[in-house]
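In the two assemblies presented below, subunit A is common to both, partnered first by subunit B and then by subunit C.
Showing the complex of A and B:
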């Protein structure tokens, strides 16, 4: 009954819709929320949606992990390993940036008692 | 094993030196290593110049392109690498000799400064799109951390704002890279350049737009640059000189490298890029007129120059491109000089507001004289190098019969004169309340005087390195040569 989900077109369409929705949720969080940590979470969600899009569209249903073992001796029917390697790298980078951002936000909050992005006006020219 | 001078040293050496930081602390060599590393690499870059003029150097890592990762060193990227390392030398000597604030002299800033230089060098050297993203984040993260280095309210605010806007820009660039890979199955820049024409037009437009937004934020183009003056205002002036001198130049180079490489005919994007450049220039110069803080004024002035460079590079003729590369070098030197002066003034007066700097010319005669020299170089007055590079750009436009950019550039220079002379007039105002004591930070002026000397030298004798710029422009515009050198025989 649900075989139609196995066709790459339908599956990829669903993934595209899902990751775009995630992307815009993240963008909304970044633009509409005033709390510093919420803005950082928005950025993280946007990043995740890009990873999801990349992994999902680079793989078709029925492909296995690109590892030669257990009788698999040929590179047929395997997923493209490059997107997965790249996504792993990107996740590590994104994680580091997020950690730096959160630590700066915590220090800023300790120093000023403020976590509202719109109250960050120290740098404006009066 | 023979020791070979290959391009990978430009990235490997600063990384190794940065990670060995605890060792340098123990040996008491921290500042000398920060000074020596870029100096060695600058020497290496200059010594590689004749070899690169014949054919670009390719450094292949593990497998040959298009499958493997490779570094691509041609005249244009070598010019940028030499510029970044020269800026690194000047910055390190300013920190070393200038007895600067302790938060700029420890182990943390040492690592971050070297990583920033590594990231920017990697950005211009890499021949692979995903490595571009990695280097972009290396440069980005070190820049965020550097701008928050002072750990007070303004510095943390600047660091947070920079981090948020920079990460969003990086996401746009990552999305563009993902779409490019899904469409072509390639990450190598030359292979992408070959296959880019086969992507459907709508997808080409989307990828181009994402790249333009992402790199536009990073390279501080209008309308994506509203955040820049805030960051420049909150960071240390010395650190800001690195942002304006190195980081922006690296991203401008990447933007135009991608434009010239991916588009078979750069004329498609010419109107858009030139319009962006002209808008950036005019808006920034107009807003700079009414700034009350020196760092914000210098930030807007920097944006104006970035706009000018974009305008000249966007036109994509050989003469304007060479002029724009020359202007990049000039602008790096000038902005480092001006921000160093700002750092010295901030240390003496604890404020950089126009009203607080009245009569500074009597208290700090040397610094103010250097500021005047720097502003004359920005304006492009004859004995200084700014004149030569602006003349190159204007001549390039005139040869191609394009006259509206010339009018705009001259108008922008006029506005620039307006606000620089406003500040200079205040500096030389006689004010009985101004402190008359002599300054005692003599050695701190050494790098500043060196920059001033370089500006004069390049202004009087541009023929010393003019060939290099023409060669670099040819390399930057020579799409066929790049494809051929990377992929073997191609059309």
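Showing the complex of A and C:
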């Protein structure tokens, strides 16, 4: 009944639609929320959608993980390892960016007692 | 639920802007995606998979991360180090004057937390070490295992207010593993048998593929990456907890 999911076009289309939706949910969070931490969470959601898209598009139905285990003897019919390796890099960088951003937000809140982006007027000419 | 009506909680203009962006991107993709697919003949990944047996690593992702793109990994670890340093710098300033006060102010962790952490700490450490050591055989590796080890220490930090990660020792571990990574890379560059940065200068026979001791220098580098990531993420947790 669900055989149509085995065609790469359909499956990749579903993945693209899903991760695009996730990306724009994150973008909405980044643009609409005024709380600093909520904006950072929006950035994290956008990053997640890009990881999902990378991993999903690198694999076609029927390909196995690029690991020689469970009786496999040959590196054929496997998913492309490069997007997976790059995604690993991106996850670590994303974590570093999030940690630094959250620390900056906490420090800003401690110095000014303020976590609203609209009220960040310290550098404004008055 | 809050009493604010839905119309006030959703920013309609922003939502419309985001939807417009989404529609434009989808349009762009439908126009652009069919192009270039017809002439596609193999990717870099396929080429690397074909010759992956030369690294004798059963996990092709690991051989890409550590061997073929090892230089990228070095840069990535450097970015993580910069972030950890930045977090430490942001939270480290006021440590001297109120260290005593901050420990006393934190509420005592509850019994469930303490017992659970005592139970989970060794298991998490073991799992992290296993994932690091088997990075060239199974899914996982230095980054994943390092983060699991850092999580174990984070649980311990939450459960036990007297437990403190020594900054000097963590920093030493971090710099030792970082310089070990660079040193292994330079050894590969200097030795005549390889002659490239991060070249695999240890013997790595293809017959040994799938065993724990195989793939030459790859597991060593991944262990160093694991120690470094664990130390850095642990230092970030420690810095964030200390400032409470």
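What we mean here is this: the second predicted complex is superposed on the first by the 124 of 126 C-alpha atoms of A that agree within 3 Å, B and C clash if a C-alpha of one lies under 4 Å from a C-alpha of the other, contacts with A are read in each partner's own complex, and residues count from 1 in each chain.
Operating definition for what follows: a residue touches a chain if its C-beta (ideal position, glycine included) is under 8 Å from a C-beta of that chain, and two chains touch if they have at least 3 such contacts.
Just so it is clear, the model here is predicted, and its values are computed rather than measured.
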item: Touching partner for A:58 - first (subunit B), second (subunit C), both, neither; value: both
item: Subunit B versus subunit C as contact partner of A:20, first or second or both or neither; value: second
item: First, second, both or neither for A:46, with subunit B first and subunit C second; value: first
item: Partner chain(s) touched by A:68 [first = subunit B, second = subunit C, both, neither]; value: second
item: First (subunit B), second (subunit C), both or neither touched by A:89; value: both
item: Partner chain in contact with A:5 - subunit B first, subunit C second, else both or neither; value: neither
item: Contacts of A:100 with subunit B and subunit C, given as first, second, both or neither; value: both
item: Partner chain(s) touched by A:81 [first = subunit B, second = subunit C, both, neither]; value: second
item: Shared contact residues on subunit A - subunit B and subunit C; value: 58, 80, 82-83, 89, 93, 96-97, 100, 104, 107
item: In the complex with subunit B, residue positions of subunit A that touch it; value: 30, 36, 39-40, 43, 46-47, 50, 53-54, 57-58, 80, 82-83, 86, 89-90, 93, 96-97, 100-101, 104-105, 107-108, 111-112, 120, 122-126
item: Subunit A partner contacts - residues on subunit B that touch it in the complex; value: 130, 133-134, 137, 140-141, 144-145, 148, 151-154, 156-161, 163-164, 167-168, 170-171, 174-175, 178, 181-182, 185, 187, 229-231, 233-234, 291-293, 296
item: Subunit C residues within the subunit A interface of the complex; value: 10-11, 14-15, 17-19, 21-22, 25-26, 29, 43-46, 48-50, 52-53, 58-61, 63-65, 69, 72-73, 76, 79-80, 82-84, 86-87, 90-91, 137-139, 141, 143, 209-210, 229, 233, 236, 239-240, 243
item: Complex contact set, residues of subunit A against subunit C; value: 16, 20, 24, 27-28, 31-32, 58, 65-69, 75-76, 78, 80-85, 88-89, 91-93, 95-97, 99-100, 103-104, 106-107
